[in-house]
Amino acid sequence: MKDREVHLRKIVRDGKVLILAMDQGMEHGPVDFNARNINPEYVLDIASKGGFTGLAIQKGIARHYKECYSGKVPLVLKLNGRTNIVPKDEIYSSQVASVKEAVKLGADAIGYTLYVGSPREADMFREFGKVQEEAEDYGLPCVVWAYPRGRFVQDEKSADTIAYAARVALELGADVVKVNYPGSVEGMKKVVAAAGRCKVISAGGSKQSDAEFLAKVRDVMASGAVGLAVGRNVWQNDNPMKIAEELKKIVYK
Amino acid sequence: MKDREVHLRKIVRDGKVLILAMDQGMEHGPVDFNARNINPEYVLDIASKGGFTGLAIQKGIARHYKECYSGKVPLVLKLNGRTNIVPKDEIYSSQVASVKEAVKLGADAIGYTLYVGSPREADMFREFGKVQEEAEDYGLPCVVWAYPRGRFVQDEKSADTIAYAARVALELGADVVKVNYPGSVEGMKKVVAAAGRCKVISAGGSKQSDAEFLAKVRDVMASGAVGLAVGRNVWQNDNPMKIAEELKKIVYK
Amino acid sequence: MKDREVHLRKIVRDGKVLILAMDQGMEHGPVDFNARNINPEYVLDIASKGGFTGLAIQKGIARHYKECYSGKVPLVLKLNGRTNIVPKDEIYSSQVASVKEAVKLGADAIGYTLYVGSPREADMFREFGKVQEEAEDYGLPCVVWAYPRGRFVQDEKSADTIAYAARVALELGADVVKVNYPGSVEGMKKVVAAAGRCKVISAGGSKQSDAEFLAKVRDVMASGAVGLAVGRNVWQNDNPMKIAEELKKIVYK
Amino acid sequence: MKDREVHLRKIVRDGKVLILAMDQGMEHGPVDFNARNINPEYVLDIASKGGFTGLAIQKGIARHYKECYSGKVPLVLKLNGRTNIVPKDEIYSSQVASVKEAVKLGADAIGYTLYVGSPREADMFREFGKVQEEAEDYGLPCVVWAYPRGRFVQDEKSADTIAYAARVALELGADVVKVNYPGSVEGMKKVVAAAGRCKVISAGGSKQSDAEFLAKVRDVMASGAVGLAVGRNVWQNDNPMKIAEELKKIVYK
Amino acid sequence: MKDREVHLRKIVRDGKVLILAMDQGMEHGPVDFNARNINPEYVLDIASKGGFTGLAIQKGIARHYKECYSGKVPLVLKLNGRTNIVPKDEIYSSQVASVKEAVKLGADAIGYTLYVGSPREADMFREFGKVQEEAEDYGLPCVVWAYPRGRFVQDEKSADTIAYAARVALELGADVVKVNYPGSVEGMKKVVAAAGRCKVISAGGSKQSDAEFLAKVRDVMASGAVGLAVGRNVWQNDNPMKIAEELKKIVYK
């Protein structure tokens, strides 16, 4: 068993991945939250009790709220980030935490966002290249958020473009790649094929009705993806534990 | 008790924070000063005798005036800075002192400014990420000046935008975040909620009448913030010790 | 025998070089692949059984598919890369893997792309300079993909311009330089002369008919080049082992 | 006595500073010189015999002409520089020598230029921040050339703007700040006040008649500044030793 | 005797310097070569037998052709380079080899190009500053190619501008500076005066008739320069050994 398998087995359960992400405070701002879920304790409690295989957060949340998740759900430490105040034309996400910090905080994986096709993709590719090398040295797997974005990207939602981003994640050394669902099982199958041995998971996306969301989850799983990284569809839900249960039924069936 | 608690307890007294800031010579220029307070000795004397829990200055002031504050008031060393001659469209504050220098000068916290939403936020996020990591290693807490600013920011004073900046400070690992007061208790409550376990303090802002200033202080405290970082409203005041007394009455009541 | 000869002798057999490249997923995207060859296992199997002297891939492929090529075909690890979503006006390929990673993965050579004449050639020259120095320390030879490209390049296909790029590769320390075939034996002879003791190989280029492709290979070999780095003309071929056989007959004759 | 006092006492004599600067070959070009003073030996001889407390030169002069000044006049090694061929809109002076080189060459202080208000002030602030930290570690004081300059600076000669630059030098850790004389004793007093415990010296400026120059020196000293850093008004003078004598009479009176 | 004198004495013979340069393959491309001299062996043979005091080449040539020059002519390793495909408006030459590589290859000096007055002079000044410091540590002298160039340079050939570039080389620590001949003995005397103790040599320039070239060489030597760095006028010459002989007669007379 390779070093990184030890950690990878924590965020991959029965071959499936189900991550709860709460980096929206950084990426989107408080607009994504209400009076209840603006409190990280509320969301971390869902992550801890909802049977997730990973919790994706920034280091500030990780260090201030250790007792809320530690030993309850594996940590996927996001190492880069940006706000959405800066327009996406030249989109770039800079590294804000180190692999060593992830190790120190007890993370079982690191998370990194790559905006494929951005005028600044070169900077992100270089920085992720070093992060992946160091993570490998520590035996930590890498979960890559791979999004085609920036002024040169014609259609962020086209299956071919998303498949390109997923392939880039594979070639740069990701273990798991999170993509936006391209809207069809057929399209997602292309993405999964392009990613090869890099496991594909789908973003949950913005809040939908339970029925719409669960239908999408079924399609994701039908395409050969191994799971999802969800956020708003769970913690914006009035009954997060219930939707988490239904989600797991589909993912682990 | 975590390492940084040792230091944090010095700048947080009874759960409250009251910092005197004198970095205006760098940030605004001599225009903020008169013949009396242009002399750092005058301001440092107020900091030492006024019962403040911290003194925020640049390293040049810290090293030239050690005997004026050392052992009298905890030092919050500002690690980055800029002049206001350069317009704020692409606002950026570069690192000018290291965490090691802060340790050497006996600081109990470091101070760092983040212009959230600036075209150069990525540079500041990356640099602060490293500073926070190193400060953590030395057990030094981080006080972040979080200001939404730059050509992409629609309204620097909106509560939602200020709350976004405060959330970014939390996610990047700040222990205390200093924000501009958004103008209403309701707005400030949003900011405090968004900052979670990161303590919120309000900037004092430009000089007001004593009555106006103290009314604002009352509102700040009513919103759940833990204190203020003040400057001009104290050392531009004709009777700085008197206003400091009144300020403490409200903050510590 | 110099250190690097040990490794160089693995990718140069009887004075000839025949590399199978599969970095198109990164450089061109999934558009280059079909349902069969999108799977790296399929292509790596061709590389392993087809008698190639090297396999050029990115580190993500190398680490995920070790058992598919290891001990079967020498590894040429590509250390930089880009997507073709970003236009080529200011073309730049950033470093995404280190020489140390190449050593760790058991590579016998490193691969590096230089876009000669690009507005950003200076960055690539500097980065390759360091890579070559470190590779030399480890005894690893360097294969340079030398392409004149970017808004200042009048004609990417002119023999003189390609010869310039090949000469740059020689002067910067390449052991093998891969160029695009300039379209004539006479032109390729100029390129070979300009490259001096740096061995020249030709890119295979986009998919052609077998006859056209093999005619080109004959011309390449007639010009004094020592071989090719092929990709699409082999693994897009319906019968890759057959074309590989015919290719070797010409190269090794 | 602090470490840096040992060195500071060499360039500050009886509380006064009188530096001879010869970095004009770099900053202005040979146009500042005639057939006699183009020879560094001529100028270094004046520095050695004229009773100056410091000689400000670049490392190339320092290493080629050691025997002309060593043991005769303290060395203030300039660590950054630029030519005036590049326009001043985005003015920047890059670091060209290290603190370690200054130590090795036996310098008693380092010299650094900051163009306050330049679009690139952030780069210079960051670089000087590190230089000052390292100089402190070696016990070497810092003399800062603080000039408001670049396209955002309305009036380089206004006392308020010069006072701002002097304050920045203080806050960033300078021990001595060299400014351009703002044209009046009153203006210079503002500058001296803004600089606090950082000692202020005036540039000599371009060549004037002896009478004009000495009148200016009297005004400089009357304002509370501790001396000057002169160049052209001494070594362009037909009788440099005589003007140096008169200069000292005013400075040390 | 200083450390660097050991090496300097190899490239300076009887006070004179005569370097054969073959970096034109990088700087100008194959257009400078014919079928014979495109082969580095041909040019290195001239360098070895022609009585030159130095051979200026890039590291790729140095490592591939060691036996052609080693022990026969001192090596001046060029550490930076560029192609002329990129226009000279913002001219910049990036570092492509290290001082350590020069030491390892047995060089007796390093060569570095500075485009004085370029919008990017600051980058070259900073990089050369570090190179010179490290070369000093190894006892290696620095030969600087100092060319005024880029969109801010009015007249690259004016004696005053060339003298400025030579002075910059002196101030930054060069031991030998190579300049373009300004067209007159009087002009070159200005350059030599501005360079002080930094020895001045003239570029050979583009190919001229033997008579014209030798007349220029006589003028160069009459101006106080100590020699030349030649290339095309020797190895493009039909009888390179003959012109080398005539050249030496003038330089060493």
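Letters A, B, C, D and E mark the chains as written, and numbering starts fresh at 1 in each.
In this text, a contact is a pair of C-beta atoms (placed from the backbone, for glycine too) under 8 Å apart; a residue touches a chain by one contact, two chains touch by 3 or more.
Quantities reported herein were computed from a predicted structural model and do not represent experimental measurements.
Participant: What's the overlap between the neighbours of chain B and those of chain C?
Facilitator: For chain B paired with chain C, the chains in contact with each are A, in label order.
Participant: Please decide if copies chain A and chain B contact each other with the same set of residue positions, more than half shared, or with different positions, and reply same or different.
Facilitator: Under half of the interface numbering overlaps between copies: different.
Participant: Between chain C and chain D, what is the separation of their C-alpha centroids in Å?
Facilitator: The computed centroid separation for chain C versus chain D comes out at 55 Å.
Participant: Based only on mean CA positions, could you tell me how far chain B sits from chain D in angstrom?
Facilitator: Averaging C-alpha atoms per chain gives centres 34 Å apart.
Participant: Where in chain B do residues touch two or more of the other chains?
Facilitator: Expected reply: no residues.
Participant: Going by the defined touches, start at chain A, step to chain C, and keep going round the ring. Which chains appear, in sequence?
Facilitator: Here the ring, read from chain A toward chain C, comes out as A, C, E, D, B.
Participant: Please output the residues of chain E touching chain C within their complex, sorted ascending.
Facilitator: Touch residues, chain E against chain C: 23, 25-26, 29-31, 33, 35, 38-40, 57-61, 63-65, 81-83, 85-87, 92-98, 100-101.
Participant: Considering only the defined contacts, which chain C positions touch chain E in the complex?
Facilitator: 116-119, 121-123, 125-126, 128-130, 132-133, 136, 148, 152-153, 160-161, 163-164, 167-174, 190, 193-194, 196-198
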